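Two complexes, one shared chain (subunit A), two partners (subunit B, subunit C).
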Partner chain A sequence: MSTRTEQDLSQLLRQFLLPATLVVVAGLLVVDLFRRLVTGAVGTATLATFLWDGVVFGMAIGLAGIGLAMTYSILKFANFAHGDYITFGAFAGWMVTFVVAGLGDFSLDLLVLVSGELSVADIGINVLATPLAIVLGLVVAAAATAALALVVDRIVFKPMRDADGISLLIASVGVALALRHVLLLVFQGSSRTLTTDVASVSVSVGDGAVAFGAHEVTLVVLAAVLMIGTHALLQYTKLGTAMRAMADNEDLARVTGIPTERVVRTAWLLGGALTGAAGFLIALESGTMNTSFGWELLLVIFSAVILGGIGSVYGAIAGGLIIGVASRLSLIWLPSELILAGAFGVMIVALLVKPQGLLGGVKTV
Partner chain B sequence: MSEPTETPATRLLAWLTDGDLRLLSVLTVSLFVLVWVLSFFSGIREPGRILSQIQGVAFIAVLYVMLALSLNLQWGYTGLLNLGVAGFMAIGVYTMALLSMPTSAAVPGLGLPLWIGIPGGVLVASLFGALVALPAIRLQADYLAIVTLAFSEIVRLVIRSQEAASFTIAGTRLGTGGTDSLALPTSPVKVLLYEDPSQPAAIAAASPTPLGDILFTAGEQIGASPAVMESLVYTVFLLVIAVAFFWLVSRIANSPFGRVLKAIREDELVASSLGKDTRLFKIKVFALGSGMMGLVSILWFLERGSVTPATFVPDLTFFVFVALILGGSGSNMGGVIGSLVFVVLLLESPRFIRRIIRESFDPPAPPETIFDALSGVDPLLGYFTSQESISALRFILLGIILVYLMQQRPDGLLGHRTEVASNVDLADRQQTEEES
Partner chain C sequence: MSLLSVRDLDAGYGELQVLDGVDMDVEDGEYVAIVGPNGAGKSTVMKSVFGLTDYMGGEIVFDDEDISGLRPDQIITRGINFVPQSDNVFPGLTIRENLEMGAYILDEVPEERIEAVYDRFPILEEREDQLGGSLSGGQQQMLAMGRALMLDPDLLLLDEPSAGLAPDLVQETLDRIDRINDSGTAVLIVEQNAKEALKRCDRGYVLVQGQNRHEDTGEALLNDQQVRDDFLGG
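Up next is the complex of A and B:
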């Protein structure tokens, strides 16, 4: 009897009170934003800059999240090594970019190690000055990370296909620790600068201007192209259909004659390539990297993927954009140190209200 | 699987695993003999300094034993994957600091005595445990893992932020010290040993209490400084608390409450079908375990005298997991044994081995890059025995061990360990039923 009442209460809390509170809080924030805009405490240009930064960050997180969502939907476990795949991709790609851009003028050793001792101004890498080096780096980042994902799957996850999601999760924590510290051992810990300043297009907005940097635009455009490509692959190819089928029901997929092991390999291949590309582009946009930046992004990516409904590729993209824009907009209210804490908070609240995610329930990979 | 042939080795193993206590004592003795041997070969030969090394390792080992026991309640018994261990530890120790730091300190607290500060820290840690468990109740285990990890990062980021570094509530200035190291109240052991405990150890040692005097004189005989003796007393004090932890967790495991926890781990649906409100059980056990983690962290850093937020990165949580999984989660003795093995072999021995290599081969200063290191044996040795490289190698080894354990020995090194879920012998009860 009492349990019944309790259940009703928690039902009420979950389905009505919490969402209602959220709506009220969101409403208050919007009102406050308008007040700040009207009083001039926040300029329209500042707001537009926050929005653009949010879109850039969101596209990066969304792209990085696709691989995580893909392997989650097919293998049914949260891959904690995903962040370090991002780092790996970035290092593999930037190694090539540095070698292509600086060969002949600088010591090969330092170029291969993307060493912080190299003077960035002298190599002068940016997307306008050395487009070939950047493109080659991007391709290698994708290829190398896809290869890494396949190798790790073969060694670590394949022998555990029958294990439960938790054992796989813990094993992936092991992979994450080992991979990150192998990178640390080889490349060493110092943060390195990668690119020189690059031209940007200024668009005047209200009381100021928003600058669209070439690297930011590159990231957004390439991420969008890769996302559309992934969408086409999933929707219009036989392989994509097989992947979606397996995400929906593995047993059913198997009895229909879908080679499940091949689908798993494809998921790693595709997810790995997208992850590596994301790592390369994130480093390009921020202009710096170190051996732990992917790990530090992992929780943000998880937040995005969970917000969109873990296991849904489209959800990952949508979640990434929401987290990206929300985290940058939150700068209006929060000090920059606490943005990440805010993003994680959003994820926890989202789980409370809608554990299946925004696009959850529909498992279309 | 074929029957193993009987050799002296297997017979010895059978004898050792016959009783848990016997295994534990033999293992502890051999691990600490190993520490002794390692410190001897790394050039630490005086009894006083060896005692100091053994004390240092034992201190960390006892802490991990307690952490593993707390985690065993949540993960081992109930199957709640808590990746926020570091967060609850941070909450415990920082709450204690906020409550008990003197109001006159550089980063002031409320100035309350420790007997309020310590329970306060534990209480707040367990309250947050309950709070985090709330959304987690209905979630799958992997969501819980992500939520708890995110929670622990939120805690760490908030503690190190400028806003928390120093703030004022109702006219009282408080703070966490931000990214800097935060001084903590004087440890109770210092109060026990020194007349003037708030002074630095070197000055305070000049005026010991009668008890301190006895211990310090004894220490002098083997060349152990008062600081070593003080830490030794602290470690013994921790050991007593660890035994209490073990007793508590074992009591819980064998109580009706503990049986429900195990039922939740095995099949939550069945447990709730039997009329158990599994959500309430989960919240309770999460709060209890988190409070215990808070206590461990308070005790840990009271001895150290200060604390920084950088300690509470997720790696700390993973360490505790490796310790528990090594011995076999779900078993308290497994947790204890796993922690001892983890701390001695994985956490502490690398720095001895590094010293031994450096002492015996005298490698050159670490080369700048790994390519320079590959130019010969000596530079290679120099590169891999640098402080950073040893730490990285340790993490790589940990990662490989985690993967190996999950693949080959998911039940831990000792293999599957069954714990009787009932506190009365079932065979016994059957007999009684027959008689009546």
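Up next is the complex of A and C:
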């Protein structure tokens, strides 16, 4: 009898009280935001800047999350080395960008190490001044990370193909530590500056202006292109359909005659390439990087992927944008030290309402 | 020479041996049923033919070629296809995509095979853009069979096709299998509904504890007093 009452209570809580409370709190926040806009405590330009920053951050996280969601849906484990794949891609790509932009003027060994000793102002890398170096770097970042993902799979994950998700997860933590410390050994731990200041377009909004920086725009546009490309590949190609089939039911895929190992390799290849590209673009936009920045981003990326429904590529994109925008908008109420607290708050609340994630249960890969 | 010839087959899963010297034949275009008590290894025979168990000895010859130890994606190209008992459609793929996956090994989607499946099961054409998961149990069984027919196999393996279906759908599903057999495809079926399967088949095998017990025409097995006492409930 008592368990029955408890069930009723928890159901009442989930179905009615929780959503009702959320609607009230969200309503209060909107009213408060409106009050602040009217009284001038928050300018419309500030609000627009927060939104734009949120979209930039969200697209970066969303792009970085696709590979994680993809390998989760195909191989059924959370790859903790994913953050260090991001770092690896960034270093591989920026190595090439530095060499292409600086060869002839600077010593090769410093360029190859993306050394912090180089004067960035002298090399003068930015997307407008050295577009070729940036494009080549991006391509190499994607290719090198795809290759890394395939090699690690062959050495570490393939021999464990039948192991459970926890064993694979622990192995991936080992890969993460090994990879990060190899990078640390080669490139040293100090943070380096990558780019010089770049032009931005100012658009006046209400009482001020929003600046759209060239590197921010580059990140958002290229991330959108890569996301659309991924969507097209998954929905309209035979291999993409096979990836969705395998995410649905691996045993049936095997029985149907789908070469499952080839699908696994494709998932690593594609996921790795997107992850490396994300690492390169995130470093481009922030203008700095060190050997642990990918690892430090992994918590946020996991939040986005879990919020979207782990294993869903579209969920990862949606989750990334929500986390990005929520974290920046929360600055209206919270001090900037708590920039991620607002994002995690949104994630926790969303999972209370829909525990399987926004697009969980809708298997899209 | 039979289309499929299984001789002295030992097979199982890991350390566990389920089949102990099983013999079985399927002729071109024949309808063969495997019946027997639970745990007799009925499905294991079928899965072994399709390369889904651990092979431990004996011979599986299909179309004059030894196929023992091959993988499913290799066996499919030889002209055998398999419909698993449950979870046999991709719920997140459209009906058309489900059928296309059935022909994955071909370079191009064989439109004429999709048309042939649609002719056989018109409801699938009506709903071709809907997700596999949106179909009812009986319709999912149709889609699973359609997927297995995409390569026009010489032998179709069916693992308990009527399991989990409502009683009125059981007859309908078995009728469909009759028609697939009538069009020339040999059928090897494991069916819990033993009487019904024996009525419809050309020949049947009774399997007990991983070994052959009886083998005869379906009718003869139905009328065999010992088979009736042991498995068919009098």
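Here is the rule we go by: the second predicted complex is superposed on the first by the 365 of 365 C-alpha atoms of A that agree within 3 Å, B and C clash if a C-alpha of one lies under 4 Å from a C-alpha of the other, contacts with A are read in each partner's own complex, and residues count from 1 in each chain.
Everything that follows uses one rule, which is that contacts are C-beta pairs under 8 Å (C-beta built on N, C-alpha and C of every residue); 3 or more make two chains touch, one makes a residue touch a chain.
These numbers come from a predicted model, not from an experiment.
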Clash or fit (per the criteria above) of subunit B with subunit C on subunit A: fit
Touching partner for A:113 - first (subunit B), second (subunit C), both, neither: first
Which superposed partner A:259 touches (first subunit B, second subunit C, both, neither): second
Touched partner set for A:251, first subunit B, second subunit C, both or neither: second
First (subunit B), second (subunit C), both or neither touched by A:238: second
Touched partner set for A:167, first subunit B, second subunit C, both or neither: first
Subunit A residues touched - subunit C or subunit B, whichever exceeds: B
From subunit A, separation angle of subunit B and subunit C (C-alpha centres, steps of 10 degrees): 90
Partner chain(s) touched by A:176 [first = subunit B, second = subunit C, both, neither]: first
Shortest span in Å between Cα atoms of subunit B and of subunit C, once chain A is used as the common reference: 13
Residue ranges of subunit A in contact with subunit C within the complex: 238, 241-242, 244-245, 247-249, 251-259, 362-364
Subunit A to subunit B touching residues, read off their complex: 3, 6, 77-78, 109-110, 112-113, 115, 156, 159-160, 163, 165-171, 173-182, 184-186, 188-189, 299, 302-303, 306, 310, 335, 337-338, 340-341, 344-345, 347-348, 351-352, 355
Residue ranges of subunit C touching subunit A (in the complex, touch as defined): 50, 52, 72-73, 76-77, 82, 84, 87-93, 97, 100-102, 104-105, 147
Subunit B - residues contacting subunit A, complex: 81, 134-135, 138-143, 145-147, 149-151, 153-154, 157-158, 160-163, 277, 315, 318, 321, 325, 369-372, 388-389, 392-393, 395-396, 398-403, 406-407, 410
